[in-house]
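Down below is the structure, laid out as structure tokens.
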């Protein structure tokens, strides 16, 4: 179940002087995607190649006082559903770290996106080659900050503190409010995440306050703000060969719970199954974006060695029709 | 005549673990281009700088079973005819290889583009610094798949098998049919190329079936499809100091034949001359894009050492006017 | 006051063959920017994060005859005033160098931009983290060529010759004249710069002839060309712990003089203060872009080791209102 990311490091040592470092790492993944939902687009095939190529440039150095200062930028190309795109760079993330504290500026990770238990313990951190829509997430109908790997991201600041089994993470971001960069009426998100790991167990709680500018009709009242406020809780256990995670989230539009279980089979195989049950807020009569019901999925991985993993996945969404999708392909890290 | 591409490799060895690798290679080239055809653009000088800078990122690893898995992406800037452009990334190509077999997915090379004998044995694989329009190719009036080095390319899949002197290559690609990505009515190309090399000789045959969506008037009949179907044959011999290649291609619009001869002069110089004769299909009365007649060119190269080559070229196209162009400049590989 | 740029070099040595080289270097910088001028944009905060991330790819090789041939391309992301941008590549610069002579082609440096004494001896070569508008430059109201680090630059050619303490630099560039690339009516700039350094002193003189296509009303005459013609002179002295530079420039719109003084404080701190006095041409009644008056600034830097520098700056511009700005942040080189 361990995921090892291999980094290619080119080091310099200017004799007797301070050393700085830039690493190039990344991954490639490609496979076949069968998705019934593609039928809803006239003329699109339901089976397509899904692929991604990612390069990450990490620069890092350390001051005489032992403070780590660095930055990261990515270039990524994404192809799916028959489209073929070229790679583009991301916005940068800068960081300052000392001891257990790290502060990121710019294209931040986000406190919610960093919550243990939110994503699956798979290569795609979802199901299959490309995540297959990340239906296993219990957060439904609310956006949250995440590192944007291609194109401009949110501009934010966050602090992460780790000590012993404890991790605390707070993040704040602001997006442009239309034509005026830096406008105060852009989407703002404030989030906090707390995690505690002890032995084979972990518990996580997270909360986000955000105004996404949308309005809904709720309880018969029109014009209610569909804020991206959310609560998230997760707990998990990993006994080596077997593991399980339970997550629960509440948003303006729905409550949702996901149970995921994983098992290592033999030396190189891992099987993860999950089931998600979403209960939408029935008083939201206009503006509801979430589907009520049960979704489930299964992800199988085989470690081929050399950083190459064979990945296959199946997902059935909560949609009434066109709910099935299957993927299989290869992922290689470098 | 050997072209050596130097690759800059940054290797890692995570003690006792699988190793992955990323290489950065590329080239730069720059020189002066005199092209009479620029006179047809009001206000444009007939002499301009032509240049290109290319970075190639190759990631590759090997599974425990000895299968090579990897990917490639490029960034390239191209400047010619007075324009000055910034570099952009390409779409990625992924590959799986074992023994003599290699399968590429994504931004493929294409079976036709890979046919030995199609391109000249020069630094630009055409004439001069930037190929000078690649008039030496016998394929006239038909497109074929090629690796796109800047921007989105075709989405395809291809298999290449080599054993002894034999190489077989089949490729398939599909482009977007307008607004709908993955639409079935996009341009599709299927191609096969077979090559056999024995001693100082080689023979190549290739065929492509493709519908380019254009219609022409042929034999008095309007609305005939100007398919990019094509046949290509080439044969060559290389006796060390001297070599020659003959290529013939037939498309919907024209038959064309090119004879190229090369001679090594002294230790570092190479001279290549070629003549192309194109015979258009006179029954195509509307939609003909090819010019009837004879074109010829000459390319001189001097290996300056260190991966640097001085290149000069002259081309006279089959056009009735503005047919002359001359180039000279430097090319360096890294 | 020395600035050390650490380069990450990945070398290859193809046994017994010529070696080519590609280097990745760059820097990151991020900090807070308070700028009263942001108040003039409705809804924009006056305090924002300012940041930049730069990657430079340098490829270089040497011919058997000892001539250096190479190229450079950059990728850079810039964020300021509340905007968050992704990185983009630049146009390339190519070079050929031998002995004291270097010729650049493409995205050139420019003779004016390379004049010693024009920029401050600070990390940003201006004041604060991002230069803070480069108000210390004595050249007011005239553009000049500079290496464009993100996006397409000018297309030019320049020669730089150095021998002993002498440096001579001539540059020529041509920009596209509207829709037609390579059009002869694009903005052309021709510039020359001469510098002589002796002991602790240097003197610089530079001149540019350029037609920027703008017209102004001067001395009561409408339609006068506001050429970017300019003269620049600078002289400086550096006695180790203390240094001073005086620069003077004359453009079509204004005469301007800047005096800068620097002092090293202790082992790691440097303080630079500057004052600029600009005297606009009062006969220019329409089209004047320069503000009359006095501006000053102060820049403080502390070398934290490992290529990391703390930078803080204050600038008061010559503007009648909203003239104050303050910045502080970190800069790291790699």
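We call the chains A, B and C, going by the order they appear; numbering starts again at 1 in every chain.
We adopt the following convention: a residue touches a chain if its C-beta (ideal position, glycine included) is under 8 Å from a C-beta of that chain, and two chains touch if they have at least 3 such contacts.
None of the values given here were measured: they were computed from a predicted structure.
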{"item": "Self-contact between copies chain A and chain B, residue sets same or different by half", "value": "different"}
{"item": "Angle of the C-alpha superposing rotation, chain B to chain C, to the nearest 5 degrees", "value": "120"}
{"item": "Rounded Å distance, chain A centre to chain B centre (Cα mean)", "value": "40"}
{"item": "For chain C, residues contacting two or more additional chains", "value": "10, 24, 88-89"}
{"item": "Residues of chain B defined as touching chain C within the complex", "value": "4, 6-10, 24-26, 28, 30, 38, 41-45, 48-49, 51, 53, 55, 75, 77, 79, 81-89, 304-308, 330, 332-334"}
{"item": "Footprint of chain C on chain A - complex, ascending", "value": "10-12, 14, 17-22, 24, 57, 59-65, 67, 69-71, 73, 88-92, 94, 96, 105-107, 150-155, 157, 174-177, 180-185"}
